[in-house]
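The block underneath contains the structure these notes are about, expressed in structure tokens.
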Amino acid sequence: MAVDLEPDPVVADLARRTADFVREVVIPVEERGGGVVRDDSERVRLQRAAKEAGVFAPHVGPEFGGHGLDMRARAVVFEEAGYSLLGPLALNIAAPDEGNMHMLELIATEEQKRRYLAPLAAGEIRSCFAMTEPAPGAGSDPAALSTRAARVGGGWRIDGRKWFITGADGAGFAICMARTSGDPGDPGGATMFLVDAGNPGMKLVRHIDTLDESLYGGHLEVLFDGCVVPDEAVLGEVDEGFRYAQVRLGPARMTHCMRWLGIARRAQDIAVGRAAERELFGSRLGDLGMVQQMIADNEIDIAAARGLVLQACWELDQGRSASQATSIAKTFSAEAIWRVVDRSLQICGALGVSGDVLLGRFLREVRPFRIYDGPSEAHRWAIARRVMRRHDKAARP
Amino acid sequence: MAVDLEPDPVVADLARRTADFVREVVIPVEERGGGVVRDDSERVRLQRAAKEAGVFAPHVGPEFGGHGLDMRARAVVFEEAGYSLLGPLALNIAAPDEGNMHMLELIATEEQKRRYLAPLAAGEIRSCFAMTEPAPGAGSDPAALSTRAARVGGGWRIDGRKWFITGADGAGFAICMARTSGDPGDPGGATMFLVDAGNPGMKLVRHIDTLDESLYGGHLEVLFDGCVVPDEAVLGEVDEGFRYAQVRLGPARMTHCMRWLGIARRAQDIAVGRAAERELFGSRLGDLGMVQQMIADNEIDIAAARGLVLQACWELDQGRSASQATSIAKTFSAEAIWRVVDRSLQICGALGVSGDVLLGRFLREVRPFRIYDGPSEAHRWAIARRVMRRHDKAARP
Amino acid sequence: MAVDLEPDPVVADLARRTADFVREVVIPVEERGGGVVRDDSERVRLQRAAKEAGVFAPHVGPEFGGHGLDMRARAVVFEEAGYSLLGPLALNIAAPDEGNMHMLELIATEEQKRRYLAPLAAGEIRSCFAMTEPAPGAGSDPAALSTRAARVGGGWRIDGRKWFITGADGAGFAICMARTSGDPGDPGGATMFLVDAGNPGMKLVRHIDTLDESLYGGHLEVLFDGCVVPDEAVLGEVDEGFRYAQVRLGPARMTHCMRWLGIARRAQDIAVGRAAERELFGSRLGDLGMVQQMIADNEIDIAAARGLVLQACWELDQGRSASQATSIAKTFSAEAIWRVVDRSLQICGALGVSGDVLLGRFLREVRPFRIYDGPSEAHRWAIARRVMRRHDKAARP
Amino acid sequence: MAVDLEPDPVVADLARRTADFVREVVIPVEERGGGVVRDDSERVRLQRAAKEAGVFAPHVGPEFGGHGLDMRARAVVFEEAGYSLLGPLALNIAAPDEGNMHMLELIATEEQKRRYLAPLAAGEIRSCFAMTEPAPGAGSDPAALSTRAARVGGGWRIDGRKWFITGADGAGFAICMARTSGDPGDPGGATMFLVDAGNPGMKLVRHIDTLDESLYGGHLEVLFDGCVVPDEAVLGEVDEGFRYAQVRLGPARMTHCMRWLGIARRAQDIAVGRAAERELFGSRLGDLGMVQQMIADNEIDIAAARGLVLQACWELDQGRSASQATSIAKTFSAEAIWRVVDRSLQICGALGVSGDVLLGRFLREVRPFRIYDGPSEAHRWAIARRVMRRHDKAARP
């Protein structure tokens, strides 16, 4: 048995069909709207088309209408979906829904799956994941979690402030992470709660105006103010929230990379198209050395990121925590994708900063990825600490 | 007589007063509007305040209400103005008006100065500079100029298409560069024309949707379609347009650097303020090594860019073409400023990509500077060619 | 069948034993001699130890005393061997012998295998590969090949000058690439010749003094001056030399990456060891943010390079030319390995530039890898050209 | 009075004559010996020639046979001297003698000047500066100083270990920094001592084998073991050693930059010469875009470093501590110079790593400059801390 990099033919076929669907159906919608969809009927229309094309919800199990892809297979298919900003929305694999489905599939009760996962997987509702908090709460350091949930008769009462809650506006429910024991700074004791839209204790404070705008439903500030939920709202076990967060975040990091790798490839294709048609100083743009260097560096960055993502996905599929591998893949990919989009824009010159191509939009969309899902600095810190611990352990007699 | 880096006390005082004015008067307006002004009454109000503060139009001669600063002095004052996106507009030293005034002061006739420069310097009207063209016209390679002006009875008829004409919407006049002899690809034979707003042959085709949005009046596509102007519309000599473009572009490159250096410093100040107040992993953000590295690299980039700009300005003030020095200063500064804004945003984390601070806006505004006024690649090409020519000349017996 | 990254247990076991052998037997010799062996009895001693440890010649087939590893398996084992500068010599997988064996195994006649490959695989003799020429001959551009071989009665006469012929001093034979048809600049028409040591027409002109010094036998300038060889000296077919060169160079590029990845890991381990024991400013060095960043970047670079090498090796094992994949992997790896060694040295500070650790030596050894086997610029040029051609082909109706 | 960058004509003339001298007299010696001189008669010969050329010892006052250049003037002249690895030795402005003369001129008594400075300035003797210690002593953190000097009858007794003491072998005297009060980690209480060669308590333990080899006299480990010196050996005031170290180190950092900027220019000239004569893929090497990019980046790096050094020198000449400016200039320059040499070598390809040009030698010589005189990380840390302190001070009411 040797190392094998050939993707399963079934997966390869799904990837090819996804690529065709994105090119033929999604990109025209995306280009018309500048990469941003704000109208729910557009979302519904795209998802219906994806269902018809047989490419919808590839990540969930067949019992939820999907293809049950493991992480390695997602790497191939999600990248094709990510070739358009709206591809993931069309396939129902956009953040945060995709990560929420992943977590629900792993830890929800049958009743919770029926009530939340099934309609979410079908695209009938959307969801959000309420974890990050404004300073000094849970940001780069999850242990700083300050939203609290306290026992009240027959349920829990949640109080706290969350921000950058993607997709909160219009979501059918939120998964809210709150501290159920310990104090901020103490890593133990968080719990995940399912909070239905319309709960009077969950208030959408504002849409945060952000550099990126393509994630459907926007990024919101959400206030939990005496938000009471019943016992059945607990997702998984009480006090196990930090562990579940890792269960969600490792794979979610990788699916972000996959989708943005699609955009990186798209940016490169736009730039190469331009480099092939534009003449400058008597040469084709793509035959000038400095442009060739940018094109080559894009290829290298994309290939290297893909290799790291695959490694991490394989580890996740073996049931390992893969924390070092996902940190490495996320850090490199977020920076590499950024470089690819930036170089592609540079190759296109003035056209690149105009809305006539979507490169400026892509640049805005991928910039925050160096911050969310753990800023590069936090990941580097974690990577180095693991290396030092490994050394300390090996050095100990 | 030794090298001296002490700025003239009069200039230092004007810089100090400019800094105070920007902080007290301009930044509140800027932060309220997210860095963008679209309303002319706001522009007029800001400029009136600048006049009252005695900091208005520092670059033009006293006969036009200014302080007659040379390039070295502008370096100091413009950077202070540039500390806000709206500072240059308030002082009437924003692109493209500032560069146009510079050129008019050098080559306009007395009558042209009275009619165009005087009201422009006073902020009564605005202007635009119609040089760049969509491919395959004049972009990175000015010699590709394809807009033509032909002799007609008592004047000239201009035909061609321009784009990225900043400030064209609402401008009182345009300076249009058109080919009066030779063919595209041939460096000789362009002429500058003054075209009044309202000329029926000059049509604003569209506002180009661009990544940056703070330059007043937007970036437009402009069509010259049988645009007839009288002989008095010729600015300087016929067929000397390429030379005048250099007269305008060398200094204009440097004033762009000066203004954006102000934004770089502002970004760094925002990041340092955040790093001073935010706690993470039990430390002040600004005491964490990777953040210290970003702060230090920002200081280094700003200082290095400033030194290169000063060198180029000194050469320009000696009457030299300074083409190598301005290429070096422009290339390094545009990239350094970009890095500074990018790092500052990274230091601020999620806050940095939100509209709660202006860093995302700054990122969008400075990105195109690596492309306009000559893309980095075109400047590097020019720099290397000059080095090779210098070598060939020295090597020749 | 899904993608699988688990190495074969037999390969994993060989890798483990190789790692033990390198640590216990090779590194003591390496550290004693500063990474350089110049005495053949030392080479023989190391190879004998490798045979006894059952780790010798893993790349050649069992009929030549090896383990018959494919490229994917070599990736794992060669990296372990490369953990010491002398590991590859000990295992008989150092350049250029390893690449020569690879080519001989593929294209030599049975008689040539008996006469050249068998003793080479056993370590009884060494060899060299005489391809690169001083300017204006075959360097980055193989088509510039100017050494010629002309038909003479019953054989060929070779004339030309080669340089950077690694291992030429003491080699039992050379594989010399010479033009048998066409002119320099014309890609067609080279032939590989086996030239025995002692042929009076093959003269060792000088040892080139180079930055790197650890490749056994040094880098030489070799003059072919009326060097007559019989017909049996032709390796493969006449005029097929350029194709054979690719057969040799693609895999040889990858085995260079594998070996140097071992050195990168070693450098990182030395730096981490230092970072764990050294106190500075009241902290352990490895707990300072800027050092953590370097440690993390080393991990990322090593992981990314390894992923790219594996991808290329898998393609080669599928019988593909893998030219794009090997160019990408070589370019990234050569630069990443260089960065890793450079950062590791920086972490160690003054100690790092001293001979008390081998990091300065490693820096000298890996620097040329950004040049040999195709400079980064030549590979980037080739990568971009393939991208453009792919685009042109897809765009053609 | 405006900013002026015109160097004094007297200085410009000295710089020109220095350049001529280096090219005509020094470089032939340097190229013959591969950049390293180990024979004192060669040093004496070079210095005699420099005296005859009127370019010797430009930094010391006329009373010591020099030209009394201030820091700004040194920037111009030292760069010309640094164009060859041996130029500084020839002019007697090499480290550590140059820094020692600077300190002696500022703080020595008349008697000490007569006895130590006069012969040192004349090149009759050499000197060393014994400050840095192996871990856990004074390295990046001077406060860790652990060598101690204790009062004994009529003098002091010094005990401790120093390493990387450049030029110690053959030096006529050492300036030794030892702790006279406080404990390691405590910043206060060091004293400078003049220790004559031959003092039985000062032992040269070993020559440290280092990556760089061109600094005359090598880098040594020195043991002070009951080393007794009289009261007259105290240089400056007791317990003021840390302050004096700063007086020496700020300017010494800058003169290192100046000299290595000369090497950077030399490397660029070698690369440009090669790029002008070498043909590749049918083009002149210097006309290929990726090579042009490297040539341009070299120009930019050199110009930016020069600007930062000038800024710091001007501040030093105004009597300021210039600690931020010298940290910025040193950090940027050390890295920029390294990049320039690395790119120049890359441009030259295989030739670049051979001893046929001195680029590999230059690479080895400049690498340690990113570590000595404060590693880049220590300077970045200091730069950021000053920025944060400035912010804290401004924010305080």
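Letters are used for the chains, namely A, B, C and D, taken in the order the chains are written, and counting of residues starts over at 1 for each.
We adopt the following convention: contacts are C-beta pairs under 8 Å (C-beta built on N, C-alpha and C of every residue); 3 or more make two chains touch, one makes a residue touch a chain.
Just so we're on the same page, UniProt names per chain: A, B, C, D = Acyl-CoA dehydrogenase family protein.
Keep in mind it's a predicted model, so treat the numbers as computed, not measured.
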>> Contact counts by the stated rule: is the higher one at B-C or A-C?
In response: A-C
> Counting in whole Å, what is the centre-to-centre distance of chain B and chain C, each centre being its mean C-alpha position?
Replying inline: 51
> Roughly how far is chain A from chain C, going centre to centre by Cα mean, in whole Å?
Replying inline: 40
> By residue number and range, which residues of chain B touch two or more other chains?
Replying inline: 288-293, 377, 380-381
> Line, ring, star, complete or other: which describes how these chains touch one another?
Replying inline: complete
> Can you name the residues of chain C that touch chain B in the complex?
Replying inline: 288-293
> In the complex of these two chains, what residues of chain B are touching chain A?
Replying inline: 34, 132, 135-136, 139-141, 163-164, 185, 208-212, 219, 278-282, 288, 290-291, 345-346, 349-356, 360, 363-364, 367-368, 370-372, 375-377, 380-381
> Once bound in the complex, which stretches of chain D touch chain B?
Replying inline: 1-8, 11, 70, 72-73, 268-269, 272-273, 275-276, 286-287, 289, 291-293, 295-297, 299-300, 303-305, 307-308, 310-311, 314, 317, 324-325, 328, 331-332, 377, 379-381, 383-385, 387-388, 391-392, 395
